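Next up is a structure, given as structure tokens.
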């Protein structure tokens, strides 16, 4: 586990640099076991920084989420670097953002956090409901140790681990300037059996499954907004000219929304799982993204977010691409 | 542009072509109910002058600002109606066509269903035209030069015409000499002109013409750009002979250790050459070439103590260190004149070609009967595989002169079993000519021709065919099933279909009238120029009747047999046509470029570069712009390079790059209309 | 009418009877509880914390057609809400019922919204008292509500263990109670007292609170405060806090046209979306999430009380529970108080 | 609209055809008077590369029972690469829609050249038959302008 003192020390050094304007990390949340993003602009703020298995957010999203309202005449944009803490999965978002030319590598100071897994907060809160006061979660071997209200509980990690971590291929950041801990060896494999299982159902069963999920959608767009790869200036979902899908919230438009969202992430989703995590009505969005991920890997031997030198999947082709369904 | 759309819908009967299947009146009634449709009319032929006048009058009198024509395919008359709009000052891109003929009335039988479909297609056109925008047709300069690929008779003729008109020509030929297949022929039908006599002067002309840069033994490697501005890369293959020094004396070929051992391509392998060679005596340029596939020095690094050719060459022209040379130049137009291959008779094994030396192909027969050929113009049974050059003192075995010669037509033509459905157009006549020549050389020979039909359609052809028949040549209607040996004779088994008599015909020699095939290396050109092929695998013209020398790509034209089998007059005629088409562009000096190009909304582009990566024409680049004080990268389109495919538009996640006339805003309403089930 | 008792084993039958109306009740969809129209009592899940999406969607649907039209035809076909018929929302939490009375202010202010008001009129609200707080972030008592609150409810059910105590609060509630009268019995003596006891305990169990006095007046003065940047820094700009808020009521009007026919509809909108205030000119008076967050809080705790005398927040805790990045309205209010 | 039974069901299919090959091939079917079912309605685009896979979603949503995208054979694209891009996009989209429960028979793709008028007929027949076999699209079709 990351040494919290070292983390703060590194953060202090980084934010003290003249060429760094902002450091994005984590701090404890407002209640219970939660942790939340922290935006550090001065050395005084580093004391609140933490990294624990409760640090679920993918902070890479904030690199592309920043709004740029019109600058007053004569004002110069602050082009100094942004420092960001990333876990293995999050780091792939940085790579993919760079593949898509969101910024140059030297715009960033990357604080890499080799990660042995974060919790699924819903599982934690279901297991320990009603905890208001600040609780802590640390990893000890194969267990999570939770301390709250003067008590300490040990829970086997597998019971609280986020699903994405149970199949994490890249626990150690693929890009980093300062690695905050020793490299974590790959501890899980991903065979996409969850997707294969769904694929094996009949079309009727599949539609029944998805119709149920999509009908719950309230189109809050949290899945889109939290996604580190969704950062168009003007999303087609918001456009009125033309209307790609209507604002109506019904099974047809909701389905169209989910098809569009998932398709736009084909060959781009880096499996941080944020969309599924934030969905208030528990739509298993990663099962959509992972279908594309699985097909893209099988058909084109392509995994996004691994190399900044990669060509975007759908901006390229091979003459040999499979076409067995084409008449 | 922002004026409220006032749409006129014009529905064509096309005589009964549309009206017989589609209830035109009903479509008019329906169209007139659609939003923004001010007028809907029908007329027997919208494309006729009075039909077009209906449109122009309505535009002028009713203030229409959008027009839908429901008629034939836009591929047919879109240009016509665009001009109609333009003639009264309306932007030509305010037109949308509904294809209710080719894709409706001609393919459906049920009147009700066809009418319903026509209504939907019209509605789809209406919703699209409502959202169309005026486009500006821009012009680019045309480089006054032409690349011609292939220097057979078609390429030569096109080159001479263009060069004579004062434009620069780059004539690229793959082999060491110009001339192509025509140079191999002895006489030409029906006039019996000596092929070399009429061709050679033109060959010399292309070599000497001040406007022609002749690049023999060269290959086009890369072509990029667009009409008027093609960038060409040509590989000038090394001849290992310095052409500026070579006098063409031939001493080197005489001296070559392999002299007389290498089959001559020009003589169809019946004659032999050296590794260093001139393809044929009249070759242009008259410069020797070392064949690096067979040259001992080049393949093994050793040729005796030293290469004999080097010793023999007084001019010191041979240079084994010579490298391929890359040339780069710009042209405005391109003519493809790559010609044909002949059918490989081994693909009809029942005729025994390759097994029996007495079975020859027609092209081999041309070489036999040619005075410059390997047998000095004697019609004999060639001695295949035997070295012509005998050792001193050894007795020459004289080649056998056939007394009975049989020709078989349509070998590899009109034959589905070998995948060639088409007629090769030249075989009937060259067979008649060859029969005549054989009779001329061996007056007492018995000559028989097996045929399916005789097609003597050209000027003077029927007369020639008649003349040959009267010379005592026997025509038997029947397609032989096999050829086999019996003693020292060959037996042709066939059925005389006119008398329904099975027969076995004994003969000394068989000549197979092989057909013309698309070149085996046609893929190279297809990949270079993105040409399409027709089902017979010859290159596809833009329109079989009205644009026979054009290709789908502006500025690229076809000449000669690469487009389909042709005899010499047709090839020359088409070459002149292609030359003229190219010269129109070069003479006007300007050409209109695609108006339906892509355009970027820089306010929403996020600069991801997907479109840049995807554009096959490198027409898009990322540039830095100032967005409300912030420097951001956005895509920008070079409209002269953009060909309007729209691949970028489908790749853009935010819809920030759009193809004009095919914007999402214009296509989505079409989908909405067409998607609705009736 | 006197208090009644509905035995839990009779609840299904009572629901069955109520399902002759348009009956909405909490139901589980996977692990998510939502108010759904119920036909089979087995679908209902009365033993729940709170629904993820508040029942406001029954009277203020996320998407609703106002009228249909044909291009070029002046005649409109208006939606007749009356046709929807009697509607029952069964088992909603007192805070969510109270939220509707807050939203009523808006829809009956300078313009009486016929769609919303008609639906409210047709709807009977059957509450379910919060014997234990549905979430750790409940703070209804700080904003004028309580776990056993009866405001705006027609009936209130109190889970007494084996049975529900049914308090009849209005005539409308009384009429509804009559339709299921045969499944109920009179409440025994002492039931009301026991319920009072439970109510007191429930109030005690609320773990979070905020002193709201003075916030309304203070907020306008904090317009330029740096606290807005600080509290909004992590905001993703999604619609969770507003869409799941029982008092948020912003909507957008869209025409959906197909061919020559179309409908005008009203659909939820969120002030947390960039497009919400985006002008056609491209100008956006609330250009960043900072301004939007400030507006959300100010609207609930200052503008709305300024206009209608009531805070537009019922302390249900949904925005805190479900915010993906733990933006906590109580923390923000605390900073406002401190500032 | 009368309730469709499997027997009387006439599917509505929206096709996106590239101008240079498939649209020309469909025109050739016309000039050759090759008859085929009238269920397919064509949107002409310059290249299959222009066809956004989300168009498929839109068409199905709007009520089309099937969608066909047809372009030049590999290697023959007038714009060199458009059909290759389209092939990737539609391969993925088709598999994805199947994963959601949309029968793959509803999402088809073909290569039809300018000279393949008769192939166009065969493609249309095959697509229509395929969609007939799976019946009307009802998964996420827009319930048109319902209240």
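For clarity, chains are labelled A, B, C and D in written order, and residue numbers in each chain start from 1.
Methods note: contacts are C-beta pairs under 8 Å (C-beta built on N, C-alpha and C of every residue); 3 or more make two chains touch, one makes a residue touch a chain.
Note that the structure is predicted; figures quoted are calculated from it, not measured.
Q: Find the most central chain, measuring centrality by the gap between its CA centroid and the centroid of all protein CA atoms shown.
A: Centroid comparison flags D as closest.
Q: Given the two chain pairs A-C and A-B, which is bridged by the higher number of C-beta pairs in contact?
A: Ranking A-C and A-B by C-beta contacts puts A-C first.
Q: When the centre of a chain is set as the mean of its C-alpha atoms, what distance in Å lies between subunit B and subunit D?
A: Going by mean C-alpha positions, subunit B sits 31 Å from subunit D.
Q: Express in whole angstrom the distance between the two chain centres, defined as the mean CA positions of subunit C and subunit D.
A: Going by mean C-alpha positions, subunit C sits 46 Å from subunit D.
Q: Report the inter-centroid distance (CA atoms only) between subunit A and subunit B in whole Å.
A: 55
Q: What parts of subunit B, by residue number, touch at least two of the other chains?
A: 603, 614, 651, 664, 668, 672, 676
Q: Considering subunit C alone, which of its residues make contact with at least two other chains?
A: Answer for subunit C, listing residues that touch two or more other chains: 256, 258.
Q: Among the residues of subunit D, which ones contact at least 2 other chains?
A: Correct list: 53, 58, 61, 75, 81, 85, 89, 144.
Q: Per the contact definition, I'd like the list of subunit B residues that touch subunit C in the complex.
A: 33-35, 123, 603, 672-673, 676
Q: Which of the residues in subunit C come into contact with subunit B in the complex?
A: 71-72, 258-260, 282
Q: Applying the document's contact rule, which stretches of subunit B touch subunit A when the two form their complex?
A: Going by the criterion above, the answer is residues 603-611, 613-614, 622, 627-631, 633, 651, 653-656, 663-665, 668-669.
Q: Report the residues of subunit B in contact with subunit D in the complex, numbered from low to high.
A: Those in contact with subunit D are residues 73-76, 99, 101-104, 106-110, 113-114, 116-117, 120-121, 124, 526-527, 530, 532-535, 540, 552-553, 596, 614, 616-617, 643-647, 649-651, 659, 662, 664, 667-668, 670-672, 674-678.
Q: Residue numbers of subunit A touching subunit D in their complex, please.
A: 195, 198-199, 203-211, 214, 244-245, 250-253, 255-256, 259-260, 262-263, 266-267, 288, 291-292, 295-296, 299-300, 313-315, 317-319, 321-323, 325-327
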